[in-house]
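What follows is a set of structures for review.
Look at the two complexes coming up: chain A is in both, with chain B in one and chain C in the other.
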Partner chain A sequence: MKEQLLKFENVTYRYEDESEPALQSVSFGVEKGEFVVILGHNGSGKSTVAKLSNSIYLPTEGKVFVNGMDTSDENNEINCRKTVGVVFQNPDNQIVASIVEEDVAFGPENLCVEQKELRKRVDEALQSVGMYDYRMHETHKLSGGQKQRVAIAGILAMRPQCIVLDEPTAMLDPKGRREVMRAVRKLNEEEGITVLFITHFMEEAVFADRVMVMDDGKVILDGTPSKVFAQTQLLKKVGLDVPEVARLAAALRENGTDLGDVLTEDAFVQAFSRKMEG
Partner chain B sequence: MAFLEVRNACYSYSKGTPFEIKALDNCSFSVEKGEYIGVIGHTGSGKSTLMQLLNALVTPDSGSVLLDGKDINADKKTARDTRFRVGLVFQYPEYQLFEETVSKDIAFGPTNMGLSAEDVHKQVLWAAQIVGLPDALLDKSPFDLSGGEKRRAAIAGVMAMKPEVLILDEPAAGLDPIGRKVIMEMIDKYRTSTGATVLLVSHSMETVAAAADRILVLNKGAIAMDGDVQSVFSRADELITMGLDVPAVTRIAVKLKNMGYPVDAGVYSVEEAAKMLTAVLRAKEGTR
Partner chain C sequence: MIRDITIGQYFPGTSLIHKLDPRVKIVLTVLNIAALFLCRNFFSLLLMFVMSVVWVLLSRIPFKTILKGLKMILMILIFTAFLQIFYNDGGTVLWHPVENWDFKITTEGVFSAIFIAVRIVSLILLSTLLTYTTSPTLLTDAIERLLSPLKVFKVKVHSLAMMMTIALRFIPTLIEEIDIIMSAQKARGADLETGSLIQRAKALVPILVPLFVNSFRRAYELAFAMEARCYGGDEKRTRLRVMKVSARDIVMLAVTLVCLTAVVVTSFANVGGFILFERVI
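Right after this comes the complex of A and B.
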């Protein structure tokens, strides 16, 4: 078994003044280099997972381990946050400086990274998300997708091993969403960064290694995208859906043509073309 | 005469400064009663400015906006009346809740219209019912509601004025699939019970495809396309160049068409696409 970068062990989390816990005895692990998507309706506990993953919240019961470090041990706090970086939904709440490269430098500066290394990290982080050409631009003039990529670069410059993104595309237009998805997939595939991606958009989950579905503070499904999206009824029951491509394949199956397990557009087109030629 | 018409409207921000930005560039279109129009455009394409133009929150630098043939910016009174007839729901409208109770918050608009207390009460209950807020919530503080309920209360506040034109800017942003569906059903309910015109601004091509009859595409402040759903989505390449998209099934149809298969690239719903692709497969089998 591969090394677990993030591990939740029977984690329960209760917000103050709430009678029902937001998370109920949740256990799961994320392996190094994995791309895991968490789906779930509003209030299912997804964001609570994000905040527990780098000790912004500490579990009410149970334990969260980052690279084997217990997040509830105060001495581990800095190291946990260095290891796992979190990107949130609203890009405007995450930008702190008025110039792009200054914003990206904010995190590593606070980690007392020395000047020469800082320059290198900022440049590399901006290149990774395709925003290097904008390094001297004013942050408030960027589009949503650009701001979100700058926020990701700001996390990258702290050299985390894992990035947790909490609905990073919810406020973006289609182009912004494509840009962010492309940047995140590249970080995972080329730089081996572990990704925990929280979203409401089913189609963003089809590229993941693994999909976890949350409902009522519990993980109710955990498996490959094709395995999870085969559970159409269950997903509907918990307020989710399957991607359009899967719905189209299901409709064709009802009409007597089985294209097999297709979740992405390219897979669909290939399977359809095989039927036509075969 | 069109019900609502925008004629050659231009609008710039920071006029006369080096930072002048042209938000709307010679926009013209007209809208009839009862139409359901989807408005799409990349961030910064001018959508929000255009929506504010339609209820006189923004006055065009040149050109005009006509409601029932009358310039809405002719005088202060007409502009004020227009704001009751053209209801605007901003993005994340729940941030605008401010009253002590949900019912007072919903009552704010109709009260300002000068309706009697009795009529205001009637319209509040009516709007709450359209958005599916149970009576028990009406006496609560809006700040004690859940996120989804807050959003519905805020939308009810606009619906309670019974505007003839309802404009919603990304009403489903940040919601899960069920939440999105509930919002879309609310809009349908409002339409069927009032016959109102609806303009829906959205970044979700699938949502627009499923709801609207007609689509307006904005690009860099200008109306780039205006037509029925099928004709707009059949121009996938142009939309993608503008930073937009087409529904996933349309992208599949375009790819298959480019590979030489006899498919209609303007298809935009899962049901239609399934029907069409099945027919294509059957026809192929028939030739064997």
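Right after this comes the complex of A and C.
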């Protein structure tokens, strides 16, 4: 088994004035270089996972390990946050500075990175998300997708090994969502950054190496996208919609035309035309 | 309408004024404003007014933007100048409508009204130019450094500067939000434009309440985001932009000091005899 970068061990988390825990004895691991998507509807506990993963919240019971470091140990706090960066839902509420490059510099500035190295990191981070040309722009004049990419660059500049994105596309229009997805996939594929992507958009899960489905504070499904999406009934029961393509493929399968694992439109068209010819 | 507010806005650029060391820029602005308040005659006022215009020209900020900023204070300007006319009743009487009344317009009244108006305009030009040409982060950084001697008195200078950065960063966001809330309340039938002053003030409540509630939520989320980026609130943070006093800063400082001296000398030394040097205020 590969090295586990992020590990949840029987984690229970209870918000202060709530009787029901938001997470109930959740255990999972994320391996280095993996692209994992967590799916779940509102209130399933998926956002709590994000805040537990870099010691913003500490588990009520159980342990969270980042690179083997226990997040509840105060001495590990900074190192955990350096290793696992979190991007939040609302881009407006996580941008600290008024100018793009100054915001990206905020993280490494806090880590006391030297000026020369800092400049390099900021430029590289902005290039990786395709926002380098906007480095002197004002943050409030950007579109939602651009703001979210700046927020991702702000985390990247801290050189984390893993990025956790907590519904980064929930407040964006389809164009912004595509921009952010493309940027995140590029980071995972080209720079080998481990990604934990939390969302309720099923379409965004098809590119993942692994999909986890959460409901009521528990992980109820965990596997490859095709395996997870095959569970049409269970997904429907927890209020999630299987992507159109997967649903169509499932319907065809029931009628005797098995196209194999197809999750994206392109793959579907290819598999379908092959079937028709053959 | 509400989007016209340009306070605290920054227009990125590469002009001489943009490139000045922000610490020096703050000091220069303070010196210029002090000089403006020390002006007593038209000579010194003219000098300072020309200086402000030169600053504006050097900053290469379009005049349209500057005028937009001035539009905001137009009412205050007219009102102040208008009052000033009656405040001063020396000199030749220009208009005295009713014989027994003390109500009259005199040359000195008019002069002091013009004086005040020009002074306010120069003041606004100089002070807005500071935020127009300095990024908020640099500006607060500079303030933090200029105030650092206060640390001796246990003032949390860094926290203060960070608060200012965030406040400036959120001004446009909140303005946008007010716009959205206003539209939302109008869509629900709220009447914001008609009625007595009290009615209109009351109509603001349904706008302010969601604004405040949202601001608290924003603050909460921002705190998480800052924590996630390892913000610890200490002063040892490094900075992307290094501040360095260079030749242009020295030159600008010298020019400003010369002007200040000229203003002080002409205003307080007795150099009368020429109309421009006569004391107005």
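In this section, the second predicted complex is superposed on the first by the 274 of 278 C-alpha atoms of A that agree within 3 Å, B and C clash if a C-alpha of one lies under 4 Å from a C-alpha of the other, contacts with A are read in each partner's own complex, and residues count from 1 in each chain.
Going forward, a residue touches a chain if its C-beta (ideal position, glycine included) is under 8 Å from a C-beta of that chain, and two chains touch if they have at least 3 such contacts.
Bear in mind that the values here come from a model prediction, so they are computed numbers and not experimental data.
Of the two partner chains, chain B is the only one that A:Leu252 touches; chain C does not reach it. Judged by the touch definition given at the top, the superposed model places A:Glu167 against chain B, while chain C stays out of reach. In the superposition on chain A, A:Gly85 makes contact with chain C only, while chain B stays out of contact range.
In the superposition on chain A, A:Met276 contacts chain B only, with no contact to chain C. In the superposition on chain A, A:Gln233 contacts neither chain B nor chain C. Contact with chain C, but none with chain B, is seen for A:Ile99 once the two complexes are overlaid on the shared chain.
In the overlay built on the shared chain, the residue A:Lys51 is in contact with chain C alone; chain B does not reach it. Touching chain A in their complex are the following residues of chain B: 42-44, 146-148, 173-179, 203, 205-206, 243-245, 247-249, 251-252, 255-256, 259, 261, 270-271, 273-275, 277-278, 280-281, 284. Put simply, chain A touches chain B in their complex at residues 40-43, 89, 143-145, 167, 170-178, 200, 202-203, 239-241, 243-245, 247-248, 251-252, 254-257, 265, 268-269, 272-273, 275-276. Chain C meets chain A in the complex at residues 10, 12, 135-137, 165-166, 168-169, 172-173, 176, 217-218, 221-222, 224-232, 236-242. Across the interface of their complex, chain C is touched by residues 51, 54, 56, 78, 81-82, 85-86, 88, 90, 92-99, 101-102, 105-115, 118-119, 122, 136-140, 151, 154-155, 158 of chain A.
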